[in-house]
């Protein structure tokens, strides 16, 4: 029942300067609201809807930027990894390794990640029930690493739509691991734009409020100063200036719920 | 952005004494929490899972009891109706006529109910999208009666399961009509017990919190002093002594959200 | 394991002449394919998406037309009923009373229909699992009337979409009652056109083939000589000249499956 | 509109002798039914529900066995690959590289596989709409390799359940690539047994019939002489002696549909 944490950043690392700018701005909003902050950004978007979607700066450049953000801002840093060969380098640069939702059942990746000793944040696959995540977490825990986070990011609901079942949060919390609610990917409309995923950014703060009211350890929400022109996840990312007011509301709800 | 209202009562009218007991207890909890209260109970359960499920006290006895609750407690009273032939008698006894979810597309019932001039609460069918409710409300409004409430009570999600999409609340609110979240039917597991519907009472307060955090005009939640032995909806009804503490939390979240 | 039957006709009775024209044309196609034929048409569309959708010719005119079709063509006739007060008149005019999907849990309607002694075709609600239909059928059977048909017409799948789970057919057949597959309502997109339901007529013959291959007692498929200008269900009804070729394919598949 | 092909084999390679035994038995059944045959088996099960699920014989042993099956039986051979580092070795041993459903959006894997020039069978993710597969196929085709198959294996439908939407088959066929229906994974109940996936083997032949009636290029169906004791996918695999009779029915339906 600790106060909730914010995990935020731009979907992908666009440049060193952009990452530092975003991390600085988000850290300030979080500090203002009294919310601990973890910076998130990806060095590679490995499963874009289209082959022509922008992939990112790559692992070497990306990890260097993330390490610099961590050093300069003093905040923990999270990034996602896509294959067992990436985990060691990533674990040296960042605090939290994230397993993408589509890959949450890939045993080798979970075990390789777990063995680094880093905190492992596993996103729940859109195709899984919340209780299925116990077996997923167990794959990581089998390495002796119990520093596990589990993230809800929506469940498949018909075609091109996700739905957020708030009951998933307490169900996953029964594992004993902290539960994160990903407010921006939960409003994704997978494949909804034909060659890209659509989204409903406007509903992300609402779902974040609902999740905090249900009770979570952290809110994950990507943000961008100009999401409509971002290279990925534009339709779902929060506008940067929404973050501060949203956090204040979330903080007040969190206090009510956790007493 | 008025403070939220509680709509509560036992699923069905079991007896005059029980209805008065429940109404009194719920009204006290609501007053304590500073929440306006509307009493709800059914005189007939017209669509039980099984033919042997208890139906209720019937329309004449039921409406008389509801009128007495209204007179004694001084609170508005709501009941559900199942055919056009019931609307006039019901509208004389109660303040709000409720259209059951399965019947939310039955034009004759909506129009007959609308013509009484009573407030009409239409539950969204488990088979409808939230935006589909605009055409449903329009059927009532075509009678000149704009005193309409729209209630979310879960959407079909695979078999024997409902899911509460919190985005449905603002979508329905775009109609301009107040939106209610039904926290207890939303945790129903339709047909989940074979010859009866199952449910997850424990998650109802959580969904109520999430809905209030999303922003609603009212929370609908059935309650009972001994739900495990209630003649209907036992698996989903709140225990009576949960109501007071829940309302205090909801009230605090409502204040945060509505500023 | 009897050969499959066709239940077909225009969604609603548009006029005496149109009903006779359609019944005659469909009966000829069925005879050509060696398929027994039941004529279906509605006297009232009681749950249109919009209040301005055309309702139909009404019960008195409609039942008279259906009785005339039955007399002239010599085929059994089916129509749907919407309230207990309609069942007696309808049962005098037609052979099969159909319970609409939204109303499949309304106990009074099921029992009133059952008591007429007519064959009762209950459509499975879009919100029900196939195994839930056993309790529905039991409501009818509680009247002593075991002449029951159960119809699959799609299950809710996200918003504005239905999906046909072919496993539902054998599951419902475990009740011992003949199972019908409704190929045209299964391609409905409920509410998909805003103030009307959309549909995917082109996929109806495909789903009919799949259902016959799974094994069914009857195929239900509405048809019209000019569906794009029909007053209801235009987007899903078969074009009249599709029926003959479709039946020949279905007949051949039925023979393979039933040996 | 070529006659349909069978893709079958035991879920995983258990041993050289078992693979040869199964391939021989299945090839005989296929020849008897006049159906071309492709042998399928996995050298590694990379995404088991539980960390303690059996993984398989490994890539070196597995590819050697598959090459021997191909040489001895003279049939094409298919296996699934899980990372870009596996594609070259696999493409030397087998004819068709299969991309698992969970990995169907992993750009690097699709491109690496495509570059081998082998036939690539991409399984549709349980979280994708059928029209989303056009962008997936395009990732492979961007390598210049147009030898692509697309496989339907069920879509997420609530929790722990998949549903087979037969309309997905023609939708995917609009890409111009041959479409395969996976009849055994489509009856999987993901995570349904807690630490393993459940399944409904009994419905697999029914779904295969429905899919052939809808029109497909191939039926994929895993089989085993003793599925209840198989190391993986036991609840869904066909019993070996079901295969022959099923193929004869499917062949007859295929003839009806393809004229």
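Every chain is named by a letter (A, B, C and D) in the order it is written, and numbering of its residues begins at 1.
As a convention for this text, contacts are C-beta pairs under 8 Å (C-beta built on N, C-alpha and C of every residue); 3 or more make two chains touch, one makes a residue touch a chain.
Treat the numbers as computed from the prediction; the structure is a model and nothing was measured.
Engineer: Would you mind checking which chain's C-alpha centre is most distant from the centre of subunit C?
Structural biologist: Comparing chain centres, A lies farthest from subunit C.
Engineer: Applying the document's contact definition, name the chain pair with more C-beta pairs in contact, C-D or A-C.
Structural biologist: Between the two chain pairs, C-D has more contacting C-beta pairs.
Engineer: Using the average of all C-alpha atoms in each chain as its centre, how far is it in Å between subunit B and subunit C?
Structural biologist: 33
Engineer: If you average the CA atoms of subunit A and of subunit C, how many Å lie between those two points?
Structural biologist: Their C-alpha centroids are separated by 48 Å.
Engineer: Taking the mean of the C-alpha atoms as each chain's centre, how many Å separate subunit C from subunit D?
Structural biologist: 36
Engineer: Multi-chain contacts only, two chains or more: what residues does subunit A have there?
Structural biologist: 155, 157, 159
Engineer: Hey, which residues of subunit C end up touching subunit A in the complex?
Structural biologist: That would be residues 157-159, 161 of subunit C.
Engineer: Which residues, counting only subunit C, touch subunit B once they are in their complex?
Structural biologist: Counting only subunit C, the residues touching subunit B are 46-51, 55, 82-83, 102-103, 105-108, 111, 125-132, 135, 138-139, 142, 155-156, 159-160, 190-191, 194-195.
Engineer: Taking the complex as given, what residues does subunit D use to touch subunit C?
Structural biologist: Its residues touching subunit C are 155, 157, 163-167, 169-170, 187, 200, 203, 206-207, 209-215, 249, 252-253, 256-257.
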